[in-house]
Each structure stands twice: as structure tokens, then as C-alpha cells.
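In the two complexes that follow, chain A is the common piece, with chain B as its partner first and chain C second.
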Partner chain A sequence: MKRILRTPLGLSAAVLLLAVLVLAVIAPLVWTDQANAVDTAQISRGSTAEHWMGTDNLGRDVFLRVLVATGLSVRLALLATAIGVLAGLVLGAVPVVLGRRAGRVVTAVVNIAVAFPALLLALFFAVVIGPGTTGSLLAIGFATAPGFARLVQTLVAKVAGLDYVAAARVAGAGRIRLLVRHILPNVAEPLVINATMAAGAALLAFAGLSFLGLGVQPPEYDWGRLLGEGLQGIYLRPAAAIAPGVAVVVAGLAFHLFGEALSKGFTRHTAPVKLRRTEAASAVPTDDDAVLVVEDLRVAFPGVTPVRGVSFTVGQGEAVGIVGESGSGKSLTALAVARLIEHPGQVDAQRLTFQGRDLRNGDDRVHRRLLGTSLAMVFQDPMTSLNPAMRIGRQLAEVAEQHQGASRKQAWQRAVDRLRAVRIPDPERRARQYPHEFSGGMRQRAMIGMGLMGKPALIIADEPTTALDVTVQRQVLRLLRTIRAADGAALLLISHDITVVSQVCDRVLVMYAGRVVEDLPADELHTAARHPYTRALLAAVPDMTTDRDLPLAVIPGRPVDAAQVPTGCAYAPRCPLATERCVTAHPPLETDNGRRVACWHADVPVQVGDRGE
Partner chain B sequence: MSLSRWVIVVSELTFEDVTVRFGTRGHATTAADGVHLTVPHGSIVGLVGESGSGKSTLARAAVGLVPVSGGRILLDGQPIDHRARRLQMVFQDPHSALDPRMTIGESIAEALPRRARDRRDRVAALLDLVGLPAECARQYPAQLSGGQRQRVGLARALAGEPDVIIADEITSALDVSIQGTVLNLVRDLQRRMRLSMLFISHNLAVVRYVSDFIAVMYHGRIVEHGPADQVLADPQDPYTRELLAAAADPAGQLDLGETSDTTPAHR
Partner chain C sequence: MTAAISRTHWDSPWLGFAVRRAGRLLVSLWVLITAAFLMIHVIPGDPVRAALGPSASVQLVEARRAALGLNDPLWLQYLNYLGDLLTLDMRSSMVSGLPVAQVIGDRLPATLELAGYAAALAFAVAIPLGAGMAVLTRGGRRRPAELGFTATSAVLAVVPEFLLAVGLIYVFGVRLAWLPVAGRDGFDSYILPVLALMIAPGAVLARIMRVEMLAVFEADHVRTARAKRLPQWLITLRHVLPNALTATVTVGGLLLGALVAGTVLVENVFAWPGLGSTIVQSILAKDYPVVQGVVLVYGLGVLLINLAVDVLLAVLDPRSTIRES
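Showing the complex of A and B:
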């Protein structure tokens, strides 16, 4: 609620709505008698100092009548909304309680009702039930119900499919309890928002019905009736029509704006996405030998800095692996290199060169072309990184058309050729298929094939096999290896699986809490790892030779929260070797014989991980 | 807190020729196809297989979340009455398996038998059993880490005093440093309480570590099952052999038929 009031829109909407509601309560109590006072001396006057908005044909003050009418208008709108929301809730939630078959009947009824426009329904009910306050109240209430019921159904269906509802069912919770305890509280927010907006709509609908003479009947009066009366003399006394008109608009706006503010407050909106270029610190001479040079790379989002000074180099044809747990910054490092960090993220680096070209400054279009042709990116989930509505071959061909200026036919042929290169069987036929016709492993190969449309100097693979089965995983890893051998491309492989990385790569970077803590040759990982975190990580993962009679080694504590990185070594709270120094001073990444390690106590022999727990 | 009150009467879960089909006649897919499987008294049966092989379907069928199209699922030779809650399940994703609007204590208490008294004490005892402080009961899921949430999932499953627990990929959404603590807990609980458990995972190394028996599922069928040592040492089925090879050597050189995405076995 505080978040809503902090925005200007939220604050003004809340104040406006509060004013309308207070007026609705107070005005009838205070001014009813004055508003009903007939003054035959002042019949049908225009605006005067005494009667701001003039008088009606019985000499009653229009302004006061509009104020008093607030009570009835708002009350009826809220009542009608309550009827609509209640009926909608029942209709929408009943399928959960009734079970499959009866639920389907209710859903069908709601589907038919939704097809009718609400105003048509309201008019229909008003005529059937008969004109008058009760009639129009029910009419508008029932007209609101189908739309609301549909909303409830959709929301409920979404939540009902979640694991915690299944868990509660397995635990023996009844249908009613499921609905009341687990489902409704989790769909409440959008329902509250929509109910608020529905109240605004009901207010307008009521004014409409009363204006037509189907709603409130004399001697009672609401804004709709006042508007109808005022309209008869609009050329002589415009104020009498304008006053109730303005009232309807203001009250309607108050409800709608407040609903809008609520929805903004409930869903935390992020700023619009925009690619941001960081300013160059200085022009550093570039290293022509390496494909990729990263020095002191930082990635920051408002409030957190998940990557805190990462430096590494990837040589020609070299395979470098980055391992770390979720939140270690490994994926963000890869995205920053590929210039895929979006606003509000901010990338800073002492140096960031790809094939000798400084990526921090210069023409964005040139960079995009360079990255488009020389850098291949493979993501974790091949289903979401391919366009489901486009043939596989077309998607690959598009790359060649965009970046290499190939003709449509040439591009297609190249696509088929590349699909063959990534070992897709029968590539001519497969190129004409859609992503859903491919299996997970084949989609991932198609993604790699897309990266190979150019002549990549570097392939960045971010958890390329995490979504795949072990037997398929090894085919994809093998393919990456073959491609490297054939094209001489370098590989930057990001994975949480230390075994995979150690088998595929030449060199392994271990990341923890946004920093590289160790950098060593992959074949020495199991024998010569020096950082206690690396050693604990190796011991914590069961493999096919783990002793089943002993408990697994575990790393105590939990991974660091990027928003609260401790001073000193981030691993210190979980480290068995930690001393006073580790807590106060951050260990630098020391280079020694081509290896790097950031630890005050590297090489201290230790029984890493604590067995038991 | 004495453990004796949590000792659970051991039971045997049997799948007899279980078939599960989804969809209507014309477009039906068979997720589980004539599955025979037994989870014996007080032992952990590990079920491995690739995604889509029907492992989770089998689990959901056992606890009554998915209707069975053919065959029977028996507990001690009797058809399962799901209202009796003798089977409990721990879910894969610790983030969606707990109601975000209920405290941990409420979530666990909900699974306690209705006749249960001194519910607060029992919740505290359950939390203690899975190695969480009693204060956790007042916290909401968002305040816990993934590993802690998975412990809550286990505590909730134990709260119903089930005869058999079904654990569906309970470590696959966890970080490697956390995975070990949950696996240790599963092993520890099983040894102390002689639980019967069906432990489902795609990770053979994980299944190997916790299981007494191993069953391998492929395309909806159980292609091999037996004592863990036997299956690991002397696999009979070609798919099991391939799984073993891939687990021992994830990026191995073994040529699997370069153009084929699926394995040659069982086509």
C-alpha cells in the first residue's frame, strides 16, 4: 500500500477516491433537507451567487442535489459491483469444488454469458426485472458477473496447476480448503484491482440506466437522473446538466485511476529495456593474440553488483570453462561479453576486447556485425531461443541474410549445410520443419548450427546441456568438441557441472559471489585445486565412484546473496580455513605459474567440506 | 524429541501392470506402459530415466494426482485409498511446492493427521527432524533458501505419517553445494526410520548414492530393475549400459551413431 501512495498517480487517485467516498457518506446526512427544499420564487434559474449551478424546475439547488446524489450513486455502484464480484467468484471458483464434469458445464455457461456485451445484458435484465432501483442494481450486477467469472476461472486454473496445490491435495486437503486456503489468497491481487475498476464501470452504467429512465425512479435521484433532467434545459441552463456530468466523470475516474495505481503497485514495473553503452575509461592497446580479453569486468543492477571485477583471457581455439553456483555471476559475465546486458544493468570494464576490437566504445552497428558473425551464443533452453512459428532452416538462413548479405537461396543452402555440420539427419527435410518437431537435443544442435552460420571465433555456451538428458548431453558436448577441432573456434562454456567443464575445457575458472576465485588447467582440477571452495565443490558432487556408506561432503551455509556481499573473502562464512584476516581483507587473485587463486590460505591441507550434518 | 513417535509402519508399494494415457483416443500418448515395480519394506528404490520417460507420471499416479488407465497400484496388497494419505510426495521445484501465503508451520500442520493434538510441538519436532530450527515455523517460503525449502517439503511429507514417500527429482533444482545436504538427509532419515521410498531422478550418480534398488525407465517402460549393485555392475539392458557410460564420463568419446538423436535401443 505504501508503494502505491508513493507515486504521484497513486497518491492523487487515493485522495480523489477518498474524497468521493467521504462525500458519499456525509453529503446525504448534511444537505438532504436543503437539497429537497422547494423554492417557488427561484424556479429554473441559471447560475447565481446563491445557487452556483442554478435551480431546477421546482427551484431546488442543483449543486446541493448533485452533492447529495453522490450517496445514492456511489452506494448503488458499490452494491452492484459486490453482486457482480460475488456471482463471478462463485461461478469462477465452482469448477474447482464441483470436479471435472459439473465444472465443465459451469464453464460453458460462463463462456456463453461472456459473449454478450455487458450493457446489452444490463438492458435485458433491466427490462425483464422491471425499471427501478432494485431492477437496475441486479441488472448491472449480473452483467458484471460473467467477465469477472472468466477472470477468476483463468487465474484459478493457473494457480490450481502449481505444485503446492498438488502437495496440499496429496496431504489430504479437501476441495473447499484448497480453494479457500491455497487458491483464492493467491489470486486475490488481480481480483481486487479488477473489482475496483468494475466499480467505476458500474457507476457509469448506473448513470446511463437512470438517464434513460430505467434506473432510479423519482422522488429518489442519482447523478443519471439529474443529468437527464438538466439536459432538457441545456440551452438555457447548461450548468444544471454539466454539474452531474462532471460528478460522474470525476467519480468514475477516481475508481479507475485507483485500480490502475493498485495494479502498478502490485506488479513491480521495471524500466523499459534499452541497451546501454558504458563510457570508455581509457584507450588500452589491444592484444591481437587472444580472441577475448576481459579485465576487471563489473556488471551492476540498481542495488546489486553481481559481477565484481572479473578478468580472464580466451586464446585462439582455447576452451575455457566457468563454473559456479547460481548467483555466482557466471552467466552475467557471458552476457556482458556478448553485450546482451539490458537496462537497468550496467557494464563496466578496464578492458573488454573481442578479436582485438574494443567493445566498450566505437560504433554500435559495427560491433553488432562483428559479434553477429564471429560470436556464437548457445543458451540453456533451446525451445525458448528458437522462434516457434518459423521453420528451422529459415531461422538459420536469416543470419546469413542479415550479416553476410547472402541471397535467400544461398542463405538457405548454407543453412542446410550447417544443419548437416551439426549432424542433423536428413537436413534438407529437417530444415523445413518447425522447432516443435525437433527433439531437445536436436534443437540445441540447431542452435549451435545457427552460431556456425558465420565463421565464429568464439562460441559462448551458457549451460548448453542442463536441460538435456545425460545421453543427449554427451552428444552435444561431443559436437562442440568436434566443431572446435574443425573450425578452430574458441569456446567459453558456462556450467554448474564441474565434471562437464573439466572434461570439455582446457582451462577452468571457478567463480564465487561475482569473482573468479581460481583459474587452473582442467586436467589438474582433481589433483591440484588450491582454493577451498573448488575443493569442496569437487567433494560435494556424488559421482559413480562415491562411497555409498559415507555421508556426502557438504558445504555448510548457503550461497552469498548478491545484495549483501560481506567484506573480505565472500566464501569465508562457509570456509573451514577462515581466519580473522579472511573476514576483514579480500584476498587478491594471485597469478602463479599460469594459475590464479584468490585465497589467503591456498594450499593449506584440509579435510574439505564437513562430513555429516 | 524422541524419534519413536515418528517410526512408521513399513509397507510395500506395488505397481501392477500400470498404464497411464493422456489425451483422447485419437491423440492419446502413453506415458507409462505396463509398469511392474515394487518398493519393498523399508528400502529406497531409485527410478532413473530421461525426461519424458514417464517417471514423474508414475509418481503422480501413485499419489492420485493422475488417473490410472490400466493396471493397479497396491499398498500392502490393497488398492490405495488416497483419502487415507498413506503415500506422500516431495516435489521437484522447492519454489512452487510451498504456498507463498502460508507460513512454513501452517504448511506442515496442514499435512498432519486431523486427529493429531499438540500440533505446534509436532511441527517443531518435524522441523528438528529435517535439521531446521523451530523458528522456521513462523517464516514464509520466500525467506528460506532452496535447500531449506526442500527440507520443509520432506517435513511436510513426513507429517502425514505416510507408509511410503515418493521423492520426485528433489535435488535437481538445487545448487550442487546444497544438493549434498538434502541427499544426506534422505539417507539419514531412511536409516533411522526405515522409510519406504521411491526416489526419482534423472541423475544416475545421485540415484546410485541413495538407493538399495534401481529401476531404469525408458519410453514409459521399466527396462531393467534389481538390487543397486547388480544393476550397476552388470547392466543387462542396452539403455542402462548407455546411461552408465554417460554418467561415468559425461563428455565421453563413445560414438552413439552420429546422426541419431535417440538411442538405438527399444525403437
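Showing the complex of A and C:
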């Protein structure tokens, strides 16, 4: 509650709502007689000194009548909501109390009733029960009920599935007891939020019915009736129509905003802060031989810098792997290289060249064509990475249409051909299907096929097999290898799985806390890894000699939180070799004979497989 | 090749979808008709006496009761009612004596026009507006514009149409005297009722559209589209917009239902000669045959809108048909 009041919206909504409620109690007590005082000398006046909003056709003060009407309007709205919530609770809880079969019938009826707008239901009930205060009260209450019944059903279904509720059921708790003790307390919060909003809606609905003459009947009056009377004379005395209208809107808003503030209070999120863009460094002469040159790459988001100065190159046709735990910055590095980091993320680098072209500045359209045809991306989850509402063939074809000036038909032919190249059976038919009609492995192959629409010099694959099962994984990896052999494309493979990387790649980069900590040829991994983190990663992989009965080895400790990187070596808190020096000074990435490592004690022999206990 | 397309389009999922939807429509329709029939029977007291007033003679009341078939057993009345509905015979008004079908025929076009224009305008304004705001404010860009839009649309969304109608009448009818405030006579007379009816649902739709667009902008498949290096406008139009529309259409359908209900109030504010004025007058005059007939028409309208939304969704999002089965 305190948290809600601290936001400006929550505070103003609470104050407004409190004012309305207080007025609803006080106004009828204080002003009823004055508001009913007939003054035949002042009939149907506009604004005067005595009656600043004028008088009605019996000379009664409009302003006071609006104030007094607060009482009845708010009371009726709250009553109607209470009826609606109660009826909704009963209808919604029926499946729990009476069991499935009776529950299903009620659910079906509720589903049909929910389809009709509340106002139509209210009109229907108003006919059946008859116009008047009681009639419209029940009408609006019953009209609110189906919505609440639906809400309660959903909430109950969710809660009833929880472990402890199931446990209570097994323990033999009675259905009613289960409902009262375990389920209701858990659905109370969303119910309160929705009831607050519903009260606002009931207030508006009542105003509507009374306005139509179906609600409150004379001599009683609420805002709706005042509005209806005021509308008759709107040309002469607009205030008589405007004042009750404004009152309804203000009170309705108060309920609605407070409900909204309540629901926001329970799911709070912080707004991102803007970062100032720094100037990119001046162009550096590029290395013509490498497909990709990255120097001192940094990726920053407001408040965190998950990638902190990464440098590496990928040669023509070379396969480079980046391994690391989640949160090491490996995926962001891949996205940054591919220029796919979006606002508010920010990418800086001393050097970022692809195919000899500086990607940091230059004509965006030129870059687009270059990247669109020569850089292929494969993402982790093939289910979500394809557009669900577009045929697979079209999704491939648009690349050729966009970058190769192909006609629709040529592009389609090329797409079918590429699907065949990635071994999708019956590609003509498959091209016309949607992603949900493909299996996971086929989708991933289609993604790869998409990258092959151009002539890729580099394929960046970000955890391409993580979401797939083992046999499919192997097929996808084999496909990547075949493509590289056929087209001579380089590969940048991002994975948390050091085994996959060592099988596929020529060279392995190990990342930790946003930096490269080791860089070495893949075939030396098992013999010449020097960084304690690399060795720990290798040790965590079960192999032929691992005793299957022992629990799987894991690296002790937690990965570093990108928002709080320590000053010294980021790995020090988990490192068995850590010394004083490691904690105070950050080890630089030293190059030695083409291999790189960042560790003060890289030369201390530790047996591969030693977990440092 | 064409055969292959049509087969994938019209084989079992679509048939199953059609059958399921038709079944749901029929059940809802049956509930609606039965509710309308029962309405007259659960009213406390004698509906005929109530309609004719206390001064009417006993003979007249009895004659009316007989004419309406109210003396038959309930099941027979129900069967007769269903039978008559098949031939669109919905009895006659107890007040004017005109056949209910004729009353509806006279009044329905005005209501349809009002609701149709309002719905069309709401969609036509809200979708580009919401989409545009999403493009302008995504990723925390342009905070002031975002705040202005969300605050304005939040307020507009909760102001009920009949109050908005009164406000519009005051400003454009009374103060500026630009537009007529009552009746249905010429282009001018449509402006205020249509505006009153479309602003609140339009505001809600625009908000939803923006939120949906923002969510889709973050989706994996949009990252794929960016990885294809498509120009931003193409990504927005081809990959973001259609996926955002699906959710918007769902909610839009619910709003359309509410909009149909809103016509009742707006028609009464603007003295619009449609079904909304008719049903209120008939309820107050206790002219039950007319009320029954109009309730049926409104209910049917809502059911048809829901059906149309489902079909549209199935076309927009091919998964929705499969997901259910």
C-alpha cells in the first residue's frame, strides 16, 4: 500500500477516491434539505451569485443537488459491485465445490454471458426486474457477475494447480474448506483490483440507466438522473447538464485510476534511463584477410556494461567458437558484431570491420546490402525466431527480393532451392507452410537456409542447437559443417557447451564477465588450456572416464552480476588459484604465440579435471 | 501447385474450425432466443395488464392475452414462438399495433449506420495512431510524447460515450453552434453521435495497438527480420504490424460489442431514430413484444460480431485454428 501511495498516479488516485467517498457520506447528511428546497422565485436560472451553477425547474440549487447525489450514486455503485462480486464468486467457485460436471455447465453459461456487453445484460435484467432503483441495482450487479465469474474461474484454476493446494486436497481437506482456507486468500489480490475497477464501471452504468429513465426514479436522484434532466435544458442552463457529467467522470476516474495504481503496485517495473551516445573512434586501416575484426568491443545498457572490451578476429573460412556461462556476454557480443543491438543498448568499438568494411560508420544502405547477403544469422529458438504469420518460403524469399533485386517469382524459386539445400524434404510444398507446421529441427534448418539466400562469408550461430534434442542437434551441426565445406563460409559459433564448440570449431574463445579470458586452438583445449575457468569448464563435462554414479561436476560459485563487476580478476571469487594480487589487480589478456590468456597464474600447473577442492 | 495450396488451406483444421464455430453460434443463439422468450414470463405480475394500465377493462386484457397466446401452456407458447421466429413473425407492438418486424426494419438501418461508421472510424484512427506511437516511442524513445499519449488515451478511454455526447453537444452544439445536436438529417447530424460513440473505444484500441506493437518489436522473429537487413519500414509493416493486429482485433471485437451497446445511450442523447431509442421507449411503455424483438436483434448483432472476429483471427493468424484442436 505504501508503495502505491508513493507513485504520483497512486497518490492522486487515492486522494481523489478518498474525497469522493468522504463526500458521499457527508453531503447527504449536510445538504439534503437545502438541495430539496424549492424556490419558485428562482426557477430555471443560470449562474447567479446565490446559485453559482444555477437552479433547476423547481428552483433548487444544481450544485448542492450534485453534491448530495454523490451519496446515492456511490452507494448504488458499491452495492452493485458487491452483488456482482458475490455472484461471480459463487459462479466461479462452483467447479471447485460441486465438482467437474456441474462446473462445466456453469462455465459454459458464463462463457456465453461474458460475450454480451454488460450494458446489454443490464438492460435485459432491467426489463425482467422492472425499471427502478432495485431493478437496476440487481441488473448492474448481475451484469457484472459473468466477468467476475470468469476471473474467479481462471484464478482458481491457476491456484488449484499449485503444489500446496494439491497437498491439502490429498490430505483430505473438504472442498469448502479448501476454497475458504487455501484458494480464496490467494485470489483476493486480483479480485480487489478488479472490484475497484468494476465499481467505477458500475458507477458509469448506473448513471447510464438513470439517465435513460430506467434507474433511480423521482423524487430520488443520482447523477444520471440529474444529467438527464439537465440535458433537456442544455441550451439555457448548460451547467445543469455539465456538472453531474463532470461528477460522474471524476468519480469513475477515481475508482478506475486507483484500481490501475493497485495493479501497478503489485507489478512494478523501473523505467530505463537514457545513456548519452559517445563519439565512435576514427577509422582504422582494416585487415583485408580477416572476415571479421573486432577490437575493444563494448556493449552497454543503462546501468550495466555486459561486454567490456572484447577483441578477436575471424579469418576467411575459419570456425571460431565463443564459450561461457549465461551472462558472460557471449550472445551480446554476437549481436553487437551483427549490429543487432537496439536502443537503449549502445555499442562502442575501436574497430569493427566485416569483409574489410568499417561497420561503425558509413552509408547505412551499403552496410545493409553487405550484411544482408554476406552475413547469416542463426538464433537459439527456431520456434520464436521465425515469423509465425508468414509462410516459410516468403520469409526466405524476401531476402532475395530485398538485396538481390529478384522478382517475386525468382525469389520464391531461390527460396525453394535453398530449402532443398538444407535438406528440407518436399521443399515446394514445405515452402508454402507456416512455421508451426515444421518440426524444431526443420525450422532451424530453414533458418540456416535463410542465411544461404545470399552468399554468406560468415555465419553467426547463437546457441543454434540448445533448444533441440540430441539427434537433431547433430544433424544441424553436420549441416553447418557441410555448408562451410561447400561455400567456404566462416563460422562464429556461440555456445555454453564447450564440447559442441570443440567439435565444430578451429579456435575457441572463452568469455567470462564480459571479457575474453582465453583464446586457443580447439585441438589444444584438452592439453594446453591455461586459464582456471577454461579448465573448470572442461572438468564439468562428463566423458568416458567420468564415474556415472557421481553427481555431475559443476563450477562452484555463481557467475558475476554484470552490474557489479569486481576490480580485480572477475573470476577470483570462484578461482582455486586466486591470490591477493588477483583480487586487487585485473589480469591483462596476454598474447603468446597466437594464444591469449588473462590470468596472473596461467603458468601454475593444474591438472585438467582438477576441480580445485 | 494450385491444388496444393487449396488443399493446405481447406483441409481438416479449417473444416473443424468452421464446425466448432457454427456449433458455438447455434448454442449461443438458442440461449439468446430462450432468454428473450422467458423474459416476458418471469416479469412479476401480468405483462398485459402492466402494458395496458390499470384503467383497461378486464375483457380487453383477456382479449390481448388470448391474442398473444399467453393462456396456452408454456411449452406450446415456446414452440409457437420458435416457429414464428422462423418466419420472422415477432408479433405486434402493444402500443402502436405495428408488427415488431416492421418496427425493427424501420429503425435498424439508423442504428447500423451509427455503429458501422463509429466502428470503422475507431479502427481507422486507432490502428495507425497506436502503431505510429509505438514506432515513435519504442525502446524508451521520446518519453514526453509517450506520457502525453498514454495519459490522454487513458482518460478518454474511461469517459462513457453518453457523457462524452453531452460534452460534445455543449461544445459544438451550444457554444459554437456548428453542428446539430438531435435527429438524423444529413451529413452534419452524423458527426457528433459518431464521434461520441467512437472516441472511447478508439482510445482503448490505440493503447492496445501500441502495447502490442511494442511487444512484437521485441520478439525474436523481428530480430530475425532485422538480421535479414530489411529496411525499417518493411520490418514494421510486414513483420510487426500483422502480428500486432491479431491481438488488437481480438480486443477490438469485444469493444465492438460494447459499442453496439453504447448506441443505446448515444441514440437517446441525440434523439437518433434507431433501435436504441425504440428499446428504451418500449421498456418504459412496457411494450414487451417490441422489447423482445429488439433484444434479439442486439444479441444477434453481438454474436455475429464475435463470429466475424473469430474468422478474421483465423485468417490473420493461421495458428489459432490449429491451437484449439
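Note that the second predicted complex is superposed on the first by the 438 of 613 C-alpha atoms of A that agree within 3 Å, B and C clash if a C-alpha of one lies under 4 Å from a C-alpha of the other, contacts with A are read in each partner's own complex, and residues count from 1 in each chain.
We take it that a residue touches a chain if its C-beta (ideal position, glycine included) is under 8 Å from a C-beta of that chain, and two chains touch if they have at least 3 such contacts.
Note that the structure is predicted; figures quoted are calculated from it, not measured.
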| item | value |
| --- | --- |
| A:G200 touches, of chain B and chain C: first, second, both or neither? | second |
| Partner chain in contact with A:T591 - chain B first, chain C second, else both or neither | neither |
| Which superposed partner A:V248 touches (first chain B, second chain C, both, neither) | second |
| Touched partner set for A:S385, first chain B, second chain C, both or neither | second |
| Footprint overlap on chain A, comparing chain B with chain C | none |
| Complex contacts: residues of chain C adjacent to chain A | 1, 4-5, 8, 27-28, 31, 35, 39, 42-44, 138-141, 154-155, 158-160, 162-163, 166-167, 169-170, 173-175, 219-221, 223-231, 234, 238-239, 242-243, 246, 257-258, 260-262, 264-265, 268-269, 279-280, 283-284, 288, 291, 295, 298-299, 302-303, 306, 316-319, 322 |
| Contact set on chain A toward chain B in their complex | 162-173, 181-182, 185-186, 325-326, 423-425, 439-442, 469-475, 477-478, 481, 496-500, 503-504, 536-537, 540-544, 546, 548, 551-555, 558-559, 609, 612-613 |
| Contacting residues of chain A [partner chain C, same complex] | 108-109, 112, 115-120, 123-124, 126-128, 130-131, 200, 204, 207-208, 211-214, 227, 231, 234-235, 238, 241-242, 245, 248-249, 252-253, 256, 260, 271-272, 274, 338, 340, 342-344, 367-369, 371-372, 375, 377, 379, 381, 384-390, 398-399, 402-403, 428-429, 432-434, 436, 447, 450 |
| Of all residues in chain B, those that touch chain A in their complex | 50-51, 60, 63-65, 83, 85, 87-89, 91-93, 96-102, 107, 110-111, 114, 131, 145, 147-148, 153, 156, 159-160, 175-181, 183-184, 187-188, 202-206, 208-209, 232, 242-244, 246-254, 256, 258-263 |
